[in-house]
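Each chain carries a letter (A, B, C and D) given by its place in the written order, and its residues are counted from 1.
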């Protein structure tokens, strides 16, 4: 394992954007420059910049005043796996892929990068494997707005997403109440319902629907009617995009670009709105928060978390650690093997304390 | 016209909810109670409460601490026109309507209401006509989140909606920039594009599309490509739900409950996203803000405006004015004939100063 | 110890208010009523309501829609210790105290309260001792905006305070930068600097001053000059109200009601502003955030935390536990002996990970 | 007067910073560059940059993405009057001033600037006079957070300041209510009480005190006691920093750098807090919002206003107008003679509609 001192460090952000990315970039760059006189290089648009050799020096001034900014100053890309990079189409119109890892390694060598900080999710960590195999020291920084990464108690961006979703549901509350409607708010979460659980509980939503707990339409309608009988002529439903009815399949997301369906149907929120209105006769509306909760200024917690993660990543590099991923465990920032997390998702356990607490204050989980 | 002193005043809110309604209710009730010892009665759920005799005394304590609340403490209803109230279905399954104005008048008499404050839009003002004809003094307070009411320079709720939409677009900005996407944000505005114009200009949106200016898809795509050539690999489009392509018809809104279409298509935002992505190859996403911008705490401006409107309504009542609607003209609160505004909409003029200003800073209006 | 089932539960909030109190009250009341058919009684204004027998039944409707509200619907009082209740003044003008625990016990008996939920800080937990001694089952819920309570990793309200302070510093940042000033923002924290540390790190403050680390004026001035030489002609200082210079004593707080000084001097922030401006010649301004960070809508995290704490308190009561205090440890809500925490404060350790991280990104701690 | 086409335009921001400055800079620069191919030059730190020849070319990229930023990207300075520029001290220790207008004119000529856009308040417009006299075309853009400039109905930054102050008072509300206190919130406004009037009315403050209406301490205390008798055991007071008691003089502001008093006393808010607590025995606290309300992201309204103002300034320049100041009148952006406004302040008239409205809902103005 390479333990020579790191002199030149590359940093990239991969996958969907997330509040707090810039706090991490700032902390990595400032710690490296100020404390260890490491030269830092920003790789643009995730692995794409590595493939296309778009790599530029980052000075401390470049990362000043970015802690409040959403998004990533480095840019990102969703689908740039060096091991399987699309280069065009064959005669049958099928996409053709090529392994461009060699190009990447050449660009790494050209810039004399001793190590890489990779800020990304599952895809980015998996994409790092060829570089690890080639002896590049890779330090992973976990990024998933859904908070569903195995190995860490929390990821940056999640708390901001929950806060934004909660504020949106707060807004919707007054309309629901004034018009005696069921209002459904669909939030992110294809496989894991963390955002829906936290934003639902925080906003006092009456119904919370998670991918982990298939819902019974009947239970939800009974609950809405029950509330009506007790003078509460409105209900708020917070639903994860990946929630599904018992025995049902998840709805094809309206914004899934890989959907083969040219006339894309609405998501699960709209489907549920139709179902509830038809079953109960109560006017029902659905709202999809979508990308709004990815963006914007990170809340203080995520800025702090990003700063701590970024600092720890450089600490690892300068103490000779290799192939680690920074994580939060029991309130302490620490690290695990970067390969330990591949393809593992942290779902909401059905006996999670917050589910118990939410049920006790009267929340229906569609069961 | 009756000019006897008002001793008992009814107040109702009709139509969609809007930030600032409670500021108006508070100002009407407190002014009436504190300054003129008028008894105030809240009519629940708009005209529906008048039809169903759900009318309750409002004391000053009932309107304390409500200035910060979104929605309406009185409740509202969208479709309760006393002259045409649905009572069931005939044998052919068609809805049957009945004129229940007489019931309303009986309930007004029962509660000895001398006058009504009607907070609502076009529908509510039109619905007031039979009561005016019956000699009830009706004072109108204009409510439309779209700001499209003829006769007043501005309506409460509009500024909060613009602020909420602007903050949402600010959030989306960082995602667009990080991912080099076109992001389309669809806001309210079926016939008038005031919200799109103001939120678009405030957020520095690159493209603003209004119902008043049919757009050319080609012009938009050219603009996005032009930006790309100049190093701006993302664009933000702010589109009113009622915008439409040149020669095209408006898209059937996904959340229009009167739509005959059981599988409801997406709105104009999603249609445009498809079109842009197909034409330019640039990844494009649409977000529909919908009801989120109706709700929540009103911004300071709308609380002040609501307070001024409510005060003026009572001032009119106690000075013998009848059948007036409170309006804002040139910075002064004043009033016009309540019948002057029926069925007239204030659209964005194509030579509006803000359109000129936005064009000058480089905004494309799809022309 | 009494383990008979709880049938009637009293709840009170003591000490300074804190975002999330109503989330706790709601969770305690709803869990007790819905899950266990316990009757819940709200005691007004902390121990004062117990002393003065102001105790009222709380129904579930009383705690509906309060999760978003700051403050406490029960009211609070800062200085109502039943063991030492001021009853007037003696001839020498000195206050006279009386032990009114007996009155409290009589009122508890009168309302047949089986148990008490006490939401408060150190003072409230200490004040509970006589009731515990008298065999009343008391469950404590820790409340301190300063996050300085021994035994729990975090307390509700802290995160909201950090968020509010961070947003205020963000605002001040633009003024500092535009005017090339040193701007000092003083936040709460008499003995523990948690708020200053987190808000300082989150806002990217250049200098963070904590009660735990006495500061050197010279070090701060050197740092501001150093920044100036490197083109950064402004600095942001985040200082806890209890911070103090090396060898110095804490400044008498301007808002300390017990201060004997009739012409109250400014706090530490203003003193430091004077010092820096005199030493460096750089224009310096101080802002005291004060009570602004105590109030307002709790952020999502604190609503969730309050809900979990409230649920757990009732869980303890119904499983026969006595004299426990609800705490958060390593991400799990659990409980400890209520007497374990008296008079112990959790200070920021000098080797806290976040201090290390903040130093690494260039933050000066006045050393 | 010169009417030759403008080819090179200088722009500066003077005086205290204000939300919306960057929206104006952006609109001026983009309109000039995109529409008229004018080269734009940013002058740093107000007149100081003109004096010291710190003038740099602004390209459109320099003003991209700044519409959301508080402060001014150009920097500002409070006290740089070219006609009276401090150059040092004489033997008696008194400051020595010099007229450096000649230097400024030389720097203007050196950069071949045909015209100046001056964004500032009264001081900046007065400071422009020598340049106007020298034949430089100066267009003024009025900036005052206090909204007290004669000639325009509103200035940018004011609405954001009102919004920020209102949100702060909303936060304080819950503490006041929970603790049965009088809470005093001091906001900006030395001579004109616009911010206090609007933020006070918007927040439902119980007492609003303006510089224009000297207050009676007795009236305020009577009012607080009256509220107490009617079950409202708290009061919120919104006071402008320049408010004063009847017959009294304004308090020397704590943050006045010109104060000769080394131990600076608290401002009017703290003085009033002492007075109320002493007179009524009700616990009273004061909060000074200060610079917090100057900073931060401008609300949508101010971004739109700044955009419209900036656009109009360039429109004036390119249509041959000279020595004009951009203003808003009756909802339209227009312009007046730049010399018309010198030394005139727009105070709150005692019969302003909003004062009437606020009184009617029960607000006390200390009379």
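Throughout what follows, contacts are C-beta pairs under 8 Å (C-beta built on N, C-alpha and C of every residue); 3 or more make two chains touch, one makes a residue touch a chain.
Note that the structure is a prediction, hence the values are computed from the model and not measured.
Student: Which chains are in contact with both chain B and chain D?
Tutor: Common contact partners of chain B and chain D, which must touch each of the two, are absent.
Student: So which chain is farthest from chain B, going by the mean of the CA atoms in each chain?
Tutor: C
Student: Taking each chain's centre as the mean position of its Cα atoms, how many Å separate chain A from chain D?
Tutor: 41
Student: Using mean CA coordinates as chain centres, what's the chain C-chain D distance in Å?
Tutor: 35
Student: Return the distance between the CA-based centres of chain A and chain C, expressed in whole Å.
Tutor: Once rounded, the distance between the two centres reads 32 Å.
Student: Residues touching two or more other chains, restricted to chain D: which are they?
Tutor: Residues 170, 173 of chain D each touch two or more of the other chains.
Student: What chain pairs are in touch here?
Tutor: Final set of chain pairs in contact is A-B, A-C, B-D, C-D.
Student: Touching chain B in the complex: which residues of chain A?
Tutor: 13, 16-17, 21, 45, 69-72, 75-78, 164, 167-168, 170-175, 177-180, 183, 254-255, 257, 263-266, 270, 283, 285-296
Student: Of all residues in chain B, which touch chain D in the complex?
Tutor: Chain B reaches chain D through residues 26-27, 30-31, 34-35, 60, 64-65, 67-68, 153, 159, 162-163, 165-166, 170, 173, 198-199, 201-204, 231-232, 297, 299-301, 303-304, 307-308, 310-312, 314, 330-333, 353-354, 356-358, 360-362.
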